[in-house]
Amino acid sequence: MDNLPNCIPLCAKEPKTQEPICIFGTGDYGRSLGYKLLQCGHAVVYGSRNPQSSKFTPTGADVLSHFEAAQKASVIFLAIHREHYGFLNELTEVLSGKVLVDVSNNLKINQYPESNAKYLSSQVPQAKVVKAFNTISAWALQSGALDANRQVFVCGNDMKSKQTVMDIVRTLGLTPLDQGSLLAASEVENYPLQLFPMWKLPLLICAAFTILIFLYCTLTEVIYPRVETKEDTSYLIAISIPNRVFPIVSLILLALVYLPGILAAVLQLYRGTKYSRFPDWLDKWMLCRKQLGLVALAYAFLHAIYTLVMPIRYYVRWWSNSYISTQIKTNNTYPFLNYYAWLSDSYVALGILGFFFYVLLGITSLPSVSNAVNWREFRFVQSKLGYLTLVLCTAHTLVYGGDRFIYGPFYRWYLPPAFVLSLIIPCAVLAMKLIIIVPCLDTRITKIRQGWERKGKC
Amino acid sequence: MDNLPNCIPLCAKEPKTQEPICIFGTGDYGRSLGYKLLQCGHAVVYGSRNPQSSKFTPTGADVLSHFEAAQKASVIFLAIHREHYGFLNELTEVLSGKVLVDVSNNLKINQYPESNAKYLSSQVPQAKVVKAFNTISAWALQSGALDANRQVFVCGNDMKSKQTVMDIVRTLGLTPLDQGSLLAASEVENYPLQLFPMWKLPLLICAAFTILIFLYCTLTEVIYPRVETKEDTSYLIAISIPNRVFPIVSLILLALVYLPGILAAVLQLYRGTKYSRFPDWLDKWMLCRKQLGLVALAYAFLHAIYTLVMPIRYYVRWWSNSYISTQIKTNNTYPFLNYYAWLSDSYVALGILGFFFYVLLGITSLPSVSNAVNWREFRFVQSKLGYLTLVLCTAHTLVYGGDRFIYGPFYRWYLPPAFVLSLIIPCAVLAMKLIIIVPCLDTRITKIRQGWERKGKC
Amino acid sequence: MDNLPNCIPLCAKEPKTQEPICIFGTGDYGRSLGYKLLQCGHAVVYGSRNPQSSKFTPTGADVLSHFEAAQKASVIFLAIHREHYGFLNELTEVLSGKVLVDVSNNLKINQYPESNAKYLSSQVPQAKVVKAFNTISAWALQSGALDANRQVFVCGNDMKSKQTVMDIVRTLGLTPLDQGSLLAASEVENYPLQLFPMWKLPLLICAAFTILIFLYCTLTEVIYPRVETKEDTSYLIAISIPNRVFPIVSLILLALVYLPGILAAVLQLYRGTKYSRFPDWLDKWMLCRKQLGLVALAYAFLHAIYTLVMPIRYYVRWWSNSYISTQIKTNNTYPFLNYYAWLSDSYVALGILGFFFYVLLGITSLPSVSNAVNWREFRFVQSKLGYLTLVLCTAHTLVYGGDRFIYGPFYRWYLPPAFVLSLIIPCAVLAMKLIIIVPCLDTRITKIRQGWERKGKC
């Protein structure tokens, strides 16, 4: 219910508002949380080490000692660092049976052997510990995080107290997500610390290829003419060369999306079973296929636009003009060649269709879309359409190559044109795929994936 | 919480892990499930017909007879085919009061009169049957389906046992979705068998129109010149002709999205009530409007790109060059015509705006977006913006037509140019819409849709 | 489970279907709801003021007096207007302990001091009131709202009765969403009445700027030549002028997305605390940043396409042709200028990259995507990538400007070219941002946002 206003004020009559919600800790998070709770009609009482000294707490909330505050409430938020949980030992009897909400986060992933919530419940075994709110920053509470992530992951072993906390979450206009028992706490605590963990490897691979190809193209198209014919073609660096790098890297990445699947199949064929783990590198690779594909799509998108702006560029316009005028001056007109028309059109058409399916794949990998399709449909789209895309894009490059492959002048310093390099991996992948889907091998793989093992049951 | 690692290991101390989870059946699914459960810290015990003979079960799980295994656990997964549920009759007393999880799937939709889960509960009435996991393939369990659908639909009549199963689901790093009572089981069992059921009809319609228009264009633009003037224009097949087919079919499909709504209104006007069912074909048609629209959008997208690449094509470049050179040689310059400038620009502009709203409609039909808007907003976007799009695209085609409508040479073999055909349905739809929104009719329809009936209450 | 068929029929054997569901009110909504419930296998009984007179109720449901009907069922839907809740007072004893489902909506937002559901529970305190179904229109129930919003918000104070209602919702093939206690009712009732409340302000701002810039461009590019040199350039209104308006407004709006954040920082620096509310206008502004950004993206999208179609336009083709022919006739060829090649290419490249990140921002603001990232990742994308986009787009405009800034002829009637105006706000924003991220200030702001206050704790 994303577009509901930011919190649901409780009217004073409500019985449950009579009982205040207690917050231990008057630090930033404690205060922000207090503000929010008050703002949404809850009564709030703070528990503090030295109540009189703790100023700046929201007006309307009174500050007491931990003990007094705990007595007043049945739900207690712990807005203090894990390091200070120690003092709770003295409060065990007053806390027993009460709902302790652990909102703490750590500074780095898996900082401690067990989750803060788990540690807390070991400190105060009689209390019902619930993990929540750690995914919502103080800033988000303050400024009413409308357009940010409003999900609050809640987990705990006691069903009833979890419900209580989830209702409080809802009154703050946030969306509670039940994550099950307190065992999930460690995951929930790690969650807000991640920064696109799945994207690091794909982006790294992409960057490496990008730099490599860029240097290669600069060598053959800027440095070569500068050295050989002293002409300055540096202006190619702005668009022409990027527009070689993007498609080449995009095609390579797309191939890398489907390579691990094939390697896995080969490995299973060789081992004759699916019940032995893949090497780690292969697992990692397989898990980041989606991200690899999306990076490839981004590059394909850039390639598309870089290509479409060609006629607008001064460089292109100038050449076509001079081409025409020379043609007229020398008074020789080139005849229209059906062959060329076919070549250029079909290569463009292949590119467009490839890009189209590329985009389709991208759309289906949107969370909400992939959640709306079942496993069978997802497999169909990702493998069938995926390979179709790979075939189209490879064909696009091959046709583009046309007779350039053998045509001499393109080999500067005996270096093949860049697009030739881009074809190696895709063609290898497609070849291997062709071999694998040979009936006899295919049935074998299917059997293995259905649990059959080579030296079958005796 | 899509991007949480794949499963949440339970630490050995956990009391609940002491009690093992029982799996009946050592087949592929049983094994994959066992691996996953062990991997996530659960203890697993298998129940098998002949324990000693069943090898290849995951190490760490012991295999017992069905009876012994059932005794050890309170949650029992049935990883066996519905056909073999028979033997459970002998185990009724040991199974009574236990949670039986039915993970079975069928081979085709609605294979049996009642759902497998229902059948199971009729076999073992004393057990608490829960349907779950059938949407997760063994392969997905094995390879940790990170980027696939991780939703596990859970349904059952007993609230508590449903909760137990949902917590197990969470510990495996999957997302449980409560589907209510066991009555939902048949739907849940059909779900993973579907392959885009809603898309079949729209794609069929689209394919039919595509082939038809393609042949028509090939006839008038390739075969006609070949026959009449012996010239070879076959190269048009690569881009030029597809770029006629896409917009034409796209426009027709878009019109077909709004036609059923109008027919429904007419039908209701005629019947004077909304409480009588529409004919089946109309119902079917109305239900696949969204998919029709998305196919139309895909074609519009292709049309856009095919149009934008025009200046890059050899064919186009060659013609413009020869055009200029002839112009210079013959030394006659055509004056700049404001009229033409207006015509060409406004037709392009209409096309762009039409495409823009097309895309907007597509975005709002993304599950996550359409879930974030309420019914009123959804109606507004889909009907108001939808008709605006239809009007813009039709106008785009009309202006494109310009004076071609009457201009003779375009009628080859007395056939009208293809775009004329594309205008029939859209214009008809818009005309009917215009009639319907005439005040008197409009108010009548509104009244009917608010439940009023012609021979009103006596 | 969006793509499950529309409702899950209960088989007659089901015990729970024996007991009918009662509906008070035989109006449109009551009937539609009745049809749907019957269709999905529930038994239905209507409660009506004068049972014999109320025809047109679905066949299979019998109509009784309110009292009789209420006796037969434990779940009672109130399909009547809040104004008529009065008569329930006489039924208190028969209604006590039963589940009363309030489906009512109001005509305008916050029509009454308290929500209808609240009012109802005050009328019949002994009954368990549950708010539900108000987001589903009668029309949606009738025509099985497959491709519309199928979420049913459910809220109520009694857990058990809420569960009952949610199960009924599921049997109708709809998705229940627990909204917590009855306090949420007022929000739930307001929800279906909204029509893009968050979009009004952004669209207004956008419209204002659009008109302003459009008039300015028309003045300098259509009216000026008409007056000064009597030439008719009105055809520019179709594409050329819009293609000035779109980028200019887009850039301004993008800057306006980041301006409030800076103002807030300045304000906090000045106040030395974050615990005092921002002025209302700033709050409003901050809350509609996302929508502002999306409108800006839409305009950027239009700008991109309007630019790409340039070579196709008659106007452009004509000029380039005449340019070439004059060049040839006068027989003077302009040399190729590296400087110009660099300028034109780099300005195009900047534009493309800017647009690319624009689109990336748009994608991450899709609900399903922004829900899949945590707060830290969201902040990273929206602030880091956002500013990168702003920088790229501003640079794009600056390079486009090139030497036009000082080049006289462009100042018609002493008016600067329009793009100059577009640079004012973005440059201001970037300048302020640069000042704010000066280390000393930056650390100060960070401290403040972490809860530190200038005259710190005594």
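By letter and in written order, the chains are A, B and C; residue numbering begins at 1 in each of them.
Basically, contacts are C-beta pairs under 8 Å (C-beta built on N, C-alpha and C of every residue); 3 or more make two chains touch, one makes a residue touch a chain.
Just so it is clear, the structure is predicted and the values come from calculations on it, not from any experiment.
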{"item": "For chain A placed onto chain C, the superposition rotation in degrees, Cα atoms, nearest 5", "value": "120"}
{"item": "Shared interface numbering between chain C and chain B [over half = same, under half = different]", "value": "different"}
{"item": "Chain centre separation (chain B, chain C; CA means) in Å", "value": "23"}
{"item": "Numbers and ranges of chain C residues touching at least 2 other chains", "value": "2-3, 151, 191, 194, 308, 311, 324, 328, 366-369, 371-373"}
{"item": "Touch list for chain A against partner chain C, complex", "value": "1-5, 8, 10-11, 14, 27-29, 31-32, 35, 53-56, 58, 135-140, 142-149, 151, 163, 166-167, 170-171, 191-196, 232, 234-235, 238-240, 242, 298, 301-302, 305-306, 308-309, 311-315, 317-318, 321-322, 324-325, 328-329, 366-369, 371-373"}
{"item": "Interface residues, chain B side, partner chain C - complex", "value": "2-3, 114, 151, 153, 159, 177, 179-181, 183-184, 186-187, 191, 194, 197-198, 274-275, 286-287, 289-290, 304, 307-308, 310-311, 320, 323-324, 327-328, 333-334, 336, 338, 340-346, 348-349, 352-353, 355-356, 359-360, 365-380, 449-451, 453, 457-458"}
